[in-house]
Structure formats: structure tokens, C-alpha cells
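Before anything else, here's the structure in question.
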Amino acid sequence: MLRTEVVRKILSWYEGETPGLKSNLSRLLMHGRLGGTGRMVILPVDQGFEHGPARSFAPNPAAYDPHYLYELAIESGVSGYAAPLGLLEQGADTFAGEVPLILKVNSGNSLVSNNDQALTGTVDDAMRLGCIGVGFTIYPGSECSYEMIEELREISHYAKSRGLISVVWSYPRGGKVTKDGETGTDIIAYAAHMAALMGATIIKVKLPTSHIDLDAAKSTYEKYPVDSASMAGRVKHVMQAAFNGKRVVVFSGGAAKNTSELLEEVRAIREGGGNGSIIGRNSFQRPKEEAIALLNEVMDIYS
Amino acid sequence: MLRTEVVRKILSWYEGETPGLKSNLSRLLMHGRLGGTGRMVILPVDQGFEHGPARSFAPNPAAYDPHYLYELAIESGVSGYAAPLGLLEQGADTFAGEVPLILKVNSGNSLVSNNDQALTGTVDDAMRLGCIGVGFTIYPGSECSYEMIEELREISHYAKSRGLISVVWSYPRGGKVTKDGETGTDIIAYAAHMAALMGATIIKVKLPTSHIDLDAAKSTYEKYPVDSASMAGRVKHVMQAAFNGKRVVVFSGGAAKNTSELLEEVRAIREGGGNGSIIGRNSFQRPKEEAIALLNEVMDIYS
Amino acid sequence: MLRTEVVRKILSWYEGETPGLKSNLSRLLMHGRLGGTGRMVILPVDQGFEHGPARSFAPNPAAYDPHYLYELAIESGVSGYAAPLGLLEQGADTFAGEVPLILKVNSGNSLVSNNDQALTGTVDDAMRLGCIGVGFTIYPGSECSYEMIEELREISHYAKSRGLISVVWSYPRGGKVTKDGETGTDIIAYAAHMAALMGATIIKVKLPTSHIDLDAAKSTYEKYPVDSASMAGRVKHVMQAAFNGKRVVVFSGGAAKNTSELLEEVRAIREGGGNGSIIGRNSFQRPKEEAIALLNEVMDIYS
Amino acid sequence: MLRTEVVRKILSWYEGETPGLKSNLSRLLMHGRLGGTGRMVILPVDQGFEHGPARSFAPNPAAYDPHYLYELAIESGVSGYAAPLGLLEQGADTFAGEVPLILKVNSGNSLVSNNDQALTGTVDDAMRLGCIGVGFTIYPGSECSYEMIEELREISHYAKSRGLISVVWSYPRGGKVTKDGETGTDIIAYAAHMAALMGATIIKVKLPTSHIDLDAAKSTYEKYPVDSASMAGRVKHVMQAAFNGKRVVVFSGGAAKNTSELLEEVRAIREGGGNGSIIGRNSFQRPKEEAIALLNEVMDIYS
Amino acid sequence: MLRTEVVRKILSWYEGETPGLKSNLSRLLMHGRLGGTGRMVILPVDQGFEHGPARSFAPNPAAYDPHYLYELAIESGVSGYAAPLGLLEQGADTFAGEVPLILKVNSGNSLVSNNDQALTGTVDDAMRLGCIGVGFTIYPGSECSYEMIEELREISHYAKSRGLISVVWSYPRGGKVTKDGETGTDIIAYAAHMAALMGATIIKVKLPTSHIDLDAAKSTYEKYPVDSASMAGRVKHVMQAAFNGKRVVVFSGGAAKNTSELLEEVRAIREGGGNGSIIGRNSFQRPKEEAIALLNEVMDIYS
């Protein structure tokens, strides 16, 4: 399939990058059912690390098997599949080249309570496994905030030099951020902006609520209001914070919910100009046919 | 001896790995009395570091001599021998090539009380001594958790690049894990899953009890119950958490106990689909003939 | 344009430096409306990182787009443009060679409250993007003070070896420095002196007030008074502390203020012998035409 | 002199090591009055660092001069001389090749009170000065315990790769170790065992008392008693913990004492199978003739 | 000028060093009015970093200009000039080869209160600027003590390998050292001894008082008294602690004082066998002619 106009336009925004990185970004944008639309749906499976295996896979035990997750990503026609080292290794050969892979190179777990993550993979691993890029989580605001940002800088710098894209999970927490504030409009916009300033290729944030969290930001939002009453309006503001929409931003839905709520969110993302969704538990915790049907409903909206 | 069907199948799970690493894993799986069965018994001797020499070797003073430990591993026909640097060096030449060796590259001691271990060997040492792999302990949950995981990542990455397997002792403790929880079913399954996600070749965990430790996991286990009343059922759940049984998992028996209890545990491991046992104090603290007899009873069960 | 006498004189002060570094400093001194005068106005845009996107760009939403900021720097005729990685990347190709670029390689944010910054760019990034130098903030006095100074040493050493200039934001805070003291005459002079001793090519400090902060310095300033009643007198003392005026020092104006106050400050900087201004929010938060007009009024004073 | 049977036997224990390391160990074992006996007396002079110059050298001011210490080591016929960088440098040329040298590469001082030492020399320094090996102190149990062990691992690994022996001062303190426990039989045996597991070529411990310190070890020592009433019995147990006597272990006498007490200790070391003594203050704090006479009395016992 | 007998003798003490290092030490010993005498006076200007510019240079504002400091060092005929990076760079070309330069590679400042310093220069900088060596401050006893010692070890090792001398400012403080103790006889002797053990080429300490600080050292000084009543006697003891006078030791005078007190101190240094003085504020804070006159009075005493 020839590269579409919209994909060519998106690639043109990444003018600081090498042809290698643009090729990998292009692979992601041209793959699957949404290939060529400038939108994407990514299947992420890092919940086994974050919440433990049973909480992640017991609702649909077939998903304990790494091959199942590859098959779900391939058969559903999503744009890419993101997971930690072990999951990607177990299938990397069998499914080589069948779906764009993103190696999540840091991970937290539920046994410790600080706001940090451990490095659990490397850019070299990503290249060895044929990935198009690496994923990295930062917690701006946390006590480990600057350290995580510096780790991202090093990993991202090395990844770029090898033509790999970086996908940044930007999740503020701790510090001056309240619990509700973690999804406040100002905080999510700030999170997206910081990831963009760090040189992220793709930015992943949570869907924002209408809450404004930082005192220092309140007068600004009063004086220059955004359409924060609607989800689409809030998504639009987040896109604005991402270099006026010139960075690819995808949104995560969070915990499993019913289908109509999920689809409503997807419509708002599309309407606000967001580039797509990351859908994990809502897909791999359902039986395969049901999951594929849902992912296709989502992709129908983005098409 | 030609590689058996079951060993070929196990090797096929490690599709992300180099032929070098598969060769070393194959050496372990094809060695000793259980060679070719897909099961293994490993002799570990790191108790001198962990508990001190007298508590480890006074019951059978012949074991103070490193050559004795090599002889026990070779004469009993176990699958491999794992120990810290000094013990392997003292015998590496005399017994070169007679038993697969695993260099334990980190170690704790009983004089300090934090949940950490010190690096006490290197991958280069393992290669110099002709080992097939390295062993590493992590304490998920402890205050040093993420640091240990990052050390593992570096060591494992380098070991893999040199064709050496990694054996991960995954022992949660500290953090949100209670004392009883260290062997809870949810915690052991989580421990095995994290080691698998880290890319461990072989996973070593303790035998699980029927306890469920994390509050966040309780509702999951209520909704999707596992057969936690029987040891075999719990082992089966742990294997499920290890990529649906597609990673080699061995279980440790812990402190010395009577022979019939030990054998009962071994039967449960076999029944639950576990790959084998690590048996230390229960072997080297008995006179050699007695130890060899016991190890053979264990291997009879796995055969 | 041939190098002017005053620029030749300024370059002669940097006698420890390579021709490569002098070439890049010369590019900055010869560019834009103030080219050849020995004075400069720099457009810095790191407020998105420091204060968040809405507080920075909502007053003039066109500035959310990185290309707008390049255009503002180019059309206004300022001497250079300084920003974090993402902002420079997005435009580096489109505007290649049209304005001297300075990559700000460390950044703080408003979600954490300690006196530190994270490394967010590298000297290699600066070279890849065609920058003439790197910018770095230090907080002398803070708990991270010596660590930041050591990071500067490494970055500055490497930058120099590649012919890139270093611009040091020297902002004392914390430690023995009171809140008012952060802009005290003694503290600003000390800040400029430390940056000079570190080998900074260009020093950026805040405009000093008449306050003297350190007890240990009070008797000195009583015995050897400086003309601290006038801004020009205070600027003159700061220039003295910068190797008797033999280092380029630029002053920042801080939060947006009215035009006449700003121009008054600029006149004092010129009168005191300062080399120029760094003007951020006062330019990019106004509509483009208004901003260009203001920057030209400023440059008229320096001409 | 041809290598003796006993030295050949000792070298055979170090089967994991290179010919280079064995050559250097052989040099030490074949040097001086005890050359060829498998026993050794080493002159250590690190007290200037540990306790200060006056407390070390004022009783015999000639020892302030580094050349004096070389002369004492050479004229007395001891097996080797161990000291920090500065002392070895000042004489390395004058006395090149006249006595085996051991560079002590970490050192503490009496001005700080934590249980740590600073690295004060390198393996490269040792090679530059023609040393046969390096010395390193660890404090198992202390808050810096694991860090010191990791430093030892790195230094020892590099030293071995260059054919240099490592002499480990294993001095438990802090953590679960009581003040009296620092010389308890269980603790000294544990200290020797850990050094052996770390791959130490030569182990240096203090002479043990009959005290048993760790609660966890008491039942073991009750059930499997060692001859802890006599010094020779305790030394024998320590040798057992050192790979059943297959590592060279030397004992330190500690603070200056009268001659007959010292000689009694030496007889116990010999009787218990220890390899020798490290004698510092008891030699260099006496006039040279007196010191040489004493060292010869000691060596007479070991001969 | 041919090397004198006394310089040849001093060089012979540095027998562990390369011809490159000896050449640089020789350059220092043969330069200026005291060239060839084995004595030296060094001009240090690090007070701008340590105390701020006004406290350092306001009494004689000409000294704000780095060229003035070079001229003072050259015109007065002192042996060498020591300063941080920025000061040496600004003049390195103009005065290339006219006076031996020592780059001070770490620096503290008055805005922070801990007992540490930041690295502010490198050995490579020293070579680039044509320096004969590097200067480094350690604070034995402080909470950063061992870390500073390890930094010194690394810098000194690299400097030596490049033929550069190391000048160690050994200033005990913190830990077990009382405020008065910082200049106690035992502490200064210990400071000099530790610097010698670290392999320092030249040792810089403060002039000692008759105070004895460490309890553990008091009985030694009672039993083996030094002539601590006279400054010359105390200097003599410090020289003894510096390898029996076989290391070059220079003394600092501290804060500005009247000329006769200063000269009296110099006479005591000469009488006690010290190698010279480091004279900063007492020279650069006076008008140039006055400073040169004073430095010559000092050098007259040492001649």
C-alpha cells in the first residue's frame, strides 16, 4: 500500500528525525485496519507486571499464553503490540514481521509502593526482536521524576540513533499532583507537553477529566478557558499542548468498562483530534472473538 | 544421546534466544539421570554465604571441602550444580565438563538484615569457569527491588549475548508482602510471572501455600478460583503464570525435613506440571551415600 | 558582513577556547539586528517545561506551534533562539540555518518542588540539530548545587571540545540564600562570577535588586560600596564580577510586565555595560506583530 | 630455589586461576626465611592511615621514613610487605624486586566513624609498582557491607585477569555483629568462608575468641561443637571454614603486646594449621634490631 | 638554569613517578625567584569561588580582571599560580609559558554549608591549558570524606599517567574533628600523612596550633612529645609525618593579617623545614606594588 497523504503529513512533523525512525513510524501508521488513516489502536500488555498474572489473565486464561496475545494483535488488525521483554521474546520468531512491536523497557509492580519503575529491557533487545520502537513510562511529579526523565533521555537518544521510535507513557503522580489531579485537564495537557519537549515520537496519556489541579494554573484557565465540559474539548486542548497537534497522541481507557462507555470515549478522542487508543484489559480479558469484535467497532469509529 | 522430543519442545519455547543459549539449556536438560525427560534436579550450595559455614556444613563436615560438593553433584547424577564463585573455582579444573555449572552471581549474608544481595561474581567469571549459565536472586517488593531487577536486566542481557542461560531465584519479600505472604499462591505466581517477563531462562520459586496475600488480588481469586487446596493445584497455577507452562520452573524445598515430606512435595510438583526441584541442605547435610540415595528417590519420581 | 571591531574584541577574551567555539560565538554576535554591536537579545522558550503549556501559551495560542516560535525569532531579528529538545526538533529542518539555536539541555517542571532539574537533551543532540551551543541551569546554594555544577562541568567540557558555546543560567536558591536574596546584588554578582569560573561562554542572570543577602558579605559591601541604588550601578557590579566585563552577560526580565518598565530595565542594562537581554514571555505571549515591535524597541536601545 | 612439595600442593588448590596468578602466589610462598614452607609472615603498614602517623610511628621515629619500612621487610626476611600507595611508591625503585609487595587499595581513617573505607589505590598502580597483588578490607555486617563486597568483586576480578593475587582483610562489624562478636569463633569462621567464596587468594582474619555471637548459629555449635576452648582448636575451625584448609589464611595479632603472648599465639596458629601471621605494630614500633629478632623468633616457630 | 643539587635531591624522593611528572615538578621548583632553592611560594586564587567576588576582590578591584592575577604571579616572581578553570582560561594564551600553572579542579562555595566540593575542572582541561598539575581539596573527617578521597584517587591516577603533578589541599573538618581541632598539631600531621599516602606530589596544609584534638592520640603525644610550643617545632612534626620530610609541603597563611605576623610565620616554616607558602588574599588584596614587595620579603626569607 502506498503511503497516504495524511501519513505523509504526519511524518513531515518529525523533521528532526532520521529516515530510519520515520520508516518505523510509517510502518506503524500504515499497518492494520487503520493503516493510512493517521489513527491507530495499540494493544498493550504490561498488566501482568503491573498488577500480577491472575488479575490480568484469569478472566480469560487463554491470555496466559504469550502466543495468544500475538494472535489477538494480528487477527484483530490493530496497529501495533506493546509488551515487556519476556512476552515479546516468546513469539518473536513465530510471528516475526506480522505486527509492529513496541518493547516496553521499564515496568513497575504491585508489591512495591513508590512511584518508580525498573528498567526491564533495552534498546538493543528491541532491535534484536525486530521491534519498531520502545515504550517508557515517566511519572512527572513523583520523587523519582527527574531520574525517570533522565533515563528516558538516554534511552530515547539511543533509540533515535538506531531509528527506533519512542512511545512515552506520561503519567503525572506524586509531588504537587493530587490523586484527582492525575487526570485533571491541566495535568494531562502538561504531561503531553513534557513528553513532546522530551522528543517523544508518540505520546500516551490518560483521558482527562474537567478538573484543574495546579493552583498556579487556575487563573490561566479562568482567563483563557478551554472547552473542558466535553471530553472532545478536553482532548482538543491536550492535542494543542502536543505542539498544536503535531505529535501523535494516543489515549488509554484504563480499567475494563462496558462497551458503550468505551465507544463513547473513542468518539470523543476522534472528535477532539486525538490519534487513537491504547486498549489492553478491555480486549485481552474478553474471549478472543468478542475482543476482536470490540476492537473492530473501535476501529470503525476511527476509520 | 540424541535430543528427545520433550527437550526439543522445551527448546522451541525459547524462540527469542540464540543457538548458543539453547545449546547450554540443552546441555542442562540432557544431563544426568533425568537427561531427556524435561525435568531436572539441581544441587545449589549458596548456604555458606547465606547462613555461614557451620550452619551449612557442620552436620556433614566432608562438605566443607569444595571437591566433595562437585563429587556429590556428579556421583548422584543430578542435572546441574549451582554455587558462588569460590566454590566453583575450587574444582573447576579437576571436574571440568563433568556436570553443568551455574555460577550464582549475587549473594546475601546473615550479618546484615536488609533485603538486598551483593554482586559476587560476573558473567565473565561464568565463562572463564565453563558454566552453562548464571544464577541471580531478586526480592520483588523489597526496598531494593527495582535496583535488583535492574542488575538482573544487565546481567541477563550480557549473559544472553554470550549464550549463557539465566536462572532467576524470584523471592518476594518486604513492601506490600506480609511474612506469610512470601509463599502465598498469588505471590508465588506473581514472582514466577515477573521472572518470565524479565526473560529468565529458568525460574526458581518456593513452593506455594494456599494463602492469598494481596488485597487487590483477593476478589480475582474469589471470582476465578484456582485449586489452591492441593499442592499440585497450586503448582499448576504457578506454571500457568509462567507463560502457560512455557518456561522451565523449578521449586525449592527449603529447610531440611524428613524424607517422606520431601518426596510428597516432589510428587506434587510433578503432578502440577513443574519442571523439577532444587535440593540443597536436604542433600549435602546428609552423609554422601544417604544423600545420593535420596536424590535418586526424587529423580525416580520425576523420571 | 565582516566581523566588527567590538566583536573581535569580545572574541579575544575567550583565549582559552578553540577556533570552533569562537566561530559559533561569532555567529551569535554577528546575527540579527544587533549583529556586530556586541549586544544581543535572545528568545528563550523553556516556560512550557517550567510552568506548563497553558500558562505559557494560552495568552497567544499561536505559540503552541513550534514553527511559530521559530518564525518569531527569525522575523524579529533577535540574536538567537533557545529551547528544549522537542521545540527545536520541530522546525530544525524547515528553518535550518536561519537563526542561531541554543539547545537547553536541562529542565525543571512545576509538578516537583525540589531545586533540581533533569537532563533533557545532550550535546550530541545540539550538534545533530545544528545548534551553536547548549544552555544549562545551575542553582548554586540548593541541595543539588554541587551535583548540578558537576553535570555542567561534564556537559560544558564536552561541548567545548566540539566547538559549541555554553550558556549558563546561574540562579542561586536554597541553602544560605533567602527568598529575597535570590536577586540580591551580592548573590547575582556571585552567581555571575561562579559561572565565569566554570568556563561559561555566556552568563545569564536575573536583574539584581539593591538587597545584600549574605551576612559574611555585608561588611565588604559596607567598606567597599557599589552604586547599588541604581539598576545601572548594580549591573555594572555584576559585569565587574564577570571577569571585569570580559565575559558576555545577559539579563532576564522575568514575568511579563508593561512595556515601559521593560524598556527602562533594558536602558539600565545598556548603561551598566551588560551585553543584552533574554526576553521570553514578554514576547511570545503577545500577538506576533506586537511582539516584534517590542523586540525592536529593545534592540533600538541596544543598537 | 626449586618449588617445594608443599608449595606445589598449595598452588594446586587454586585450580581456577591463571599461571600468572599462581606465579605471583608462588613468589610470595618461596620468598624469605619461610620460603618453601607453606607458611608466611607479612609486614603490613597501613596504621598511618588508620590511626594517624604519631600513634603509628612516634614509638620508633625511624619508621616515619618509608625506606626504613622497606629495609625492615627485607632485612628481617619476612615473606612480603603490604602498604598503601604512597608508602610503596617511596622505595619502589630503590628496592625494586627485593621483597614481594602487596598494595593495600582501600583505607579508612580515624577522623570518620562509619564502617567504610575509601578506595586509595588501583590494580593498575599495583602493576606499575611491581606488586604481586592487592589487599582489600571488607566489613561484612556493616551498613556499607554489600557495597564493599561489590568493590572487592570488581577489583579482585580485574586483579585476577592481570595475574595479581588478592589478599582480603575480612573484618565483620556492625549489623547483627556485637562488639565482642567481632572476634567470636562463629564470626571469624564466617568471615574466612565469605572471603573464600569471593575468590580471595589469601584470607586475613583476626584471631578468634571462644565467644559465639549469632543466635542463629548457637544451636549448631552446641550440636556440633568445635574445640573452642583452645586457640589452636579455634584456628582449626577457621581453616575448616576456608575450604577445609585449601585457602591460605593468615592471622593478625592486633595491638602491640609482650613478646611471650605474641609467640604463644603464633604457636597456636601453627598448631591449628593456619598459614601464618601478619605482624605490624609489634615489629615496626620496636627498634630495628629488636624487631628483626622478634620476627625471627616468630619465623622459627613456623619453620 | 641547570638543576641544582637540592632540586635533584627532591626529585629523587619521587621514585615511583614518571619522567613526565618529574619534569613538571622540576619546572615548578626551578621557576621564579626561589628557583633552585627547594622552596616555593604559590599564588592561589580560588577565593572568588569560595567566598564570592566582592569579598575577594573589592579591596583591590584591579584583581577582578584575570589578566591582573597572571601579571601579579609573573611580575612578583613566585613559583606558580593556582586557580579554577575560568581564571586560567582567561590569560592562558596571552601568558602561555610565563609561569607554572596549577588548575584547581574542585571548588566549594559559600551558598551551601556541607563539607563537600564540586568538581569544576578536569585533568584534560589542565593539559589543554598547559598546566604543570592539578589541585584538589579533601576534607578528611567530613561526611563526604571517603567520596572526596576516591575522587582524588581517580583524578590523581589519571594526572600521574599524563605526567601532571597533584597538589592536595588536605583540610580535615567534621566527623571526630572539633572546630579548634581543624588546626591541631595531631590533625595537621595526620592530614599531611594521609595526603602523602594518597600519592600527592605536593601537600598543602594549614599552619598548626599547639592543640591536640583526638583523644586516641593524646597519650601518644604525652609519651612521645613534639616541640609543640613553637611554630617551628610544630612544622617540623608535620614534615616528619610527610614521609620524614620526603614530600614537598607548603603552608597556607589564611585570612589577611599584618605583614610582620605573616613574615614571622614564614620564618617558622623555614626553620621547621617546610617547603614554602601559599599566599593568596595577603597578596592580591593589596595594590600590586605593595603585594610584590611583600611577596619578595617572603621570598627573601626562603632564599
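Each chain gets a letter, A, B, C, D and E, in the order it is written, and its residues are counted from 1.
Simple rule for what comes next: a contact is a pair of C-beta atoms (placed from the backbone, for glycine too) under 8 Å apart; a residue touches a chain by one contact, two chains touch by 3 or more.
A quick note: this is a predicted structure, and the numbers were derived from the prediction, not measured.
Undergrad: Only C-alpha atoms count here: how many degrees separate chain B from chain E in terms of the superposing rotation, rounded to the nearest 5?
TA: Going from chain B to chain E via C-alpha fit gives 145 degrees.
Undergrad: On a C-alpha centroid basis, what's the spacing between chain B and chain D, in Å?
TA: That pair's centroid distance is 36 Å.
Undergrad: Can you compute the centre-to-centre distance for chain C and chain D, using the mean CA position of each chain? Integer Å is fine.
TA: Chain centres of chain C and chain D, defined by C-alpha means, are spaced 58 Å apart.
Undergrad: For chain B, give me the residues that contact two or more of the other chains.
TA: none
Undergrad: Tell me the shape of the graph of touching chains, choosing from line, ring, star, complete and other.
TA: Graph shape here is a ring: one loop, exactly two partners per chain.
Undergrad: A student should be able to answer this: under the defined touch rule, what is the ring order from chain C, with chain E coming next?
TA: Following the touches around from chain C to chain E and onward: C, E, D, B, A.
Undergrad: Under the definition above, what is the set of chain D residues touching chain E in their complex?
TA: 48-49, 51-55, 58-59, 61, 64-66, 84-94, 107, 109-113, 116-122, 124-125, 128-129
Undergrad: Name, in rising order, each residue of chain C that touches chain E in their complex.
TA: 13-17, 140-142, 145-147, 149-150, 153, 157, 172, 175-177, 186-187, 189-190, 192-194, 196-200, 214, 216-217, 220-221, 223-224, 226, 237, 240-241, 243-244, 246
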